[in-house]
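A short write-up of the structure that comes next.
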Amino acid sequence: MSAPGWAARLPLARRRAERRRRRGFDRPRFLLAFFLLFVVWTFAPLLVVALFSFNSTPSLQNFEGFSLQWYDEFFSSVTLRESLVASIEIGFVTMIVGTVLGTTLAFALVRARSRVAQASNVLMLIPLVTPEIVAGVSALVLFTQIGMDLSLLTIMIAEITFSISFVTVIVRARLATMNREVEEAALDLGATRIQTVRLVVLPALWPAIIASALLIFALSFDDFVIAFFTTGESPTPLPVQIYSSIRFGVRPTINAIGTLMLVISFLIVALAVALPRLLGRRGEQNVLIGGEAG
Amino acid sequence: MLAPAGVWLLLLFAVPMGIVVLVSLGRTDPIFEAVYGWHPGNYADVFDPLFAPVLLRSVTYALATVALCLLIGYPIAYYIARFGGRWKTLLIAAVVLPFLVNYLVRTYAWVAILSDEGLANGILQDVGLAENGVRFINTSWAVIGGLVYGYLAFMILPLYAALDRMDPALIEAGKDLYGNRWQTFWHVTWPAAFQGVVAGCVLVFLPAVGDFISAQLLGGPDTYMVGNLIQQQFLEAQNWPFGAALTIVMMGFLLIWMLLYVRSATRASREASA
Amino acid sequence: MTANHTTTDPSIQATTGSDGTGSEAIRFEGVTKRFGATVAVDDLNLTIRRGEFFSLLGPSGCGKTTTLRMVAGFEQPTEGSVYLEGEPVDDVPPYSRNVNTVFQSYALFEHLDVERNVAFGLKRRKVPGDEIRSRVADALELVQLTGRERAKPRQLSGGQMQRVALARALVNRPAVLLLDEPLGALDLKLRKQMQVELKEIQREVGITFLYVTHDQEEALAMSDRIAVMDEGAVQQFGPPEEIYESPQKPFVAGFIGVSNLLPATVEAEGVRLKTGELFAPPLPEGCEEGASVFCSVRPEKIFLDDLEDGMVSVEGEIVERIYLGTTTQVIVQLAPDVRVVALEQNTARSRADDRWEIGMRVRLGWHPEHALVLR
């Protein structure tokens, strides 16, 4: 920081700031108003979508009455149902495979000593900053050039490719903070390397693994661009369905789909926050049982 | 340990990129199949007067998006960091929450509201402000608005992180020393927030340039961005070599900015620790 | 630089004595460890006897921790071999060695409570449940933590975590216990207390302790024998009194306790100090006339004024006086680059402060036999 003059004023300024805060002086009204407006502006469109998904008429302007007809239309449509299932499948497969691959990569990179490993540390970040459209294009080009038909599988493969880095970054960060001597202690006390990972490393790592797993589930479930480029004829994932529908014009059915996706997204976030806490307590029991048996 | 993921990424990320480069140098044959060869002319086509405006527009829209995100996001981040108190984490989570929803759904929300039969026009007509409705959709501002709504979180989070780290007493000291608000902001707050601003700008600019969803749903042929063009070439016009060339050019453009950012960030952290 | 053995060579004694190899716990034969171009441990030859409290003492980077890790199995020697109880352990992984380590950072398992931490090693060896329970209880009693079985590491103080780490290692009854500066993070009072406790535990349990520290007071207080290391090599080893009273090298003299190293030259009739005085201390073998040496004199052996007959006498000016409670250090400048530290007791009868002032000229003296000549 520049001017050294005010470093000396710091203690006095701190006391004054403390006094002002206690007297509640510190809330410029403009900022507060702006903040509230902002919250309204960001939440309102989503609430509007949700509201009109329950409209009894196809109007998007006037709310006539409450009805579930649009959800009905959604669930009676085979295509849309299949799309929902397809999205969930994509989410799950990507979550499982991506988490496994990402975690193993994190293990390999966190103790990066060889030059290959150190270079990989940087290279692994590139998928994260690649624009989605580039990702989609490259995946599409790959699949067609090797003669693979586009389908849910190709979507999954592409999603996994771009999810691995998320997992690796999160898990590696957690691994890096773990005390190496704790692993050495386990080895010293008679645990083999595999046992050490199972009994000492993983219990501490679970929250990071779960958080990143849920993150890539959400990302691949929600993803549009990559899926758009790599999808087959049918079924197509839900976001692609939404996109195609919107091209034809707005309908309350899309509101229904949108609201559904909204709810699912929020559920995943809630899970991401709650699961580590739940597992945190039960995780110890599991380790003990494992310890007892092993 | 390195093997499974390393191999996967190599085969499914690095190799396809290479193929894209190859395709960009090829040509299409009469039945629209991509044929490999050496036709760097594709790259010249990219800057053809027909397509150059699209590139320019993408950059313009992206820059406008960055500017708006900064204008909107900064006060929010500042407010929460400075005045959030105990509720800081809760507030920032609440602010970010809407952005966790699918980008497509969020854009659709605005389509639904801004379209000719949408809520905005409905209200305006009811209130009597506009007889035949206002054309919101299919304008540059609608597209930019969609972009801002899409990427705002990427600006707020880094800003918040940088501002949160700042010591509030410094502001008081600054007010003491400089007298008025503006000077304080310029000499005290801005330098601290700077890293966050740069990070936020990069995180918004990069994806915004390649975005095509906002332009597609909220705009029209007049608001085409490079993303739309690429998508068109691959999925409609079947001119893969040209699409690939566009992709590579865009990637190159973005890579330059990324490298500049990384260089400045590492220099900043080196100076900070020195 | 090879180790400078004292006159009775303990390592030879251990291997060829009446007990044969049975009385040796750890043996290093020509052990060298290199990390790239750096030599961390240089041709180490040492034998540690069963049941002894052996310390590796030296400044940071001297190779003591690397040596310890080679015994534990976390590092492999680049050259030479390590023997545990007579058997070479070169390719044996840490989990198969009969040694346990107490780490500097305690390295407790955060997600397990105290009892399960201590029981960890026993569970790995598939010891039956009841035996585990009783052995864990004994171990906790030994370290005075009975009743804290359900506590988690984050609920414990530094000293308590230290004891859990100790119990966790000892409960396995290893042949050797390795301790890597275990008391470094504790405050002074607790550290002194733990030093006494560790010594008592070691005597009670009878296990060989290999203790690494940079604190020479700690090493002197606890050890049966000490090896002083510097730059990867053992400079001297032996019992504490020997190391302190008879340092063989300037480094050892300087590292252990406070010492005065007075530059001097060997002459026909004795040794002449740089400040001019001549006296005849006992000379080690091989000192030729004209050789440059150091005279090492311990501060407590120096008298201020009140000299006795036969003492070497030098003169200088007091430049500093440091009050340490029980004693006072008086620093005297004899010549432009020769300073001497003398120690005076503060007794009821005479407080050093009352007698000596900065700026005073004073006469110092010591008995010739208290001066060690070192090369």
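For clarity, chains are labelled A, B and C in written order, and residue numbers in each chain start from 1.
Please note the rule applied: a residue touches a chain if its C-beta (ideal position, glycine included) is under 8 Å from a C-beta of that chain, and two chains touch if they have at least 3 such contacts.
As the structure is a computational prediction, the values presented were derived from the model and not from experiment.
A linear topology is adopted by the chain contact network, the touching chains following one after another without closure.
The chain occupying the central position, as judged from C-alpha centroids, is A. Chain centres here are C-alpha means, and the one lying farthest from subunit A is C. Chain centres here are Cα means. That of subunit B falls 62 Å from that of subunit C. Once the centre of each chain is set as its mean CA position, subunit A and subunit C turn out to be 54 Å apart. Centroids of subunit A and subunit B (each the mean of its C-alpha atoms) stand 18 Å apart. Multi-chain contact residues of subunit C, defined as those touching 2 or more other chains: none present. Against subunit A, in their complex, subunit B makes its touches with residues 1-2, 4-6, 8-9, 12-13, 15-17, 19-20, 23, 72, 75-76, 78-80, 82-83, 94-95, 97-106, 108-113, 115, 117-119, 121-123, 149, 152, 168-174, 176-177, 187, 191-192, 206-207, 209-213, 217, 227, 230-231, 234-235, 240, 243-244, 247, 250-251, 254, 258.
Note for the complex: subunit A touches subunit C at residues 179, 181-182, 184-192, 195, 200, 203-204, 283-284, 287-288, 291-292, 294. Considering their complex, residues 72-74, 93-95, 99-101, 103-105, 107-112, 116, 120-121, 123-125, 129, 168-169, 172 of subunit C touch subunit A. Partner subunit B is touched in their complex by these residues of subunit A: 1-3, 5-7, 9-10, 13-14, 16-17, 20, 26-27, 31-32, 34-35, 38-39, 42-43, 45-46, 48-49, 52, 59-62, 100-102, 104-105, 107-109, 116-117, 120, 123-124, 126-127, 129-134, 137-142, 145, 157-158, 160-162, 164, 168, 218, 222, 224-225, 228-229, 239, 242-243, 246, 250, 254-255, 257-258, 261-262, 265-266, 269.
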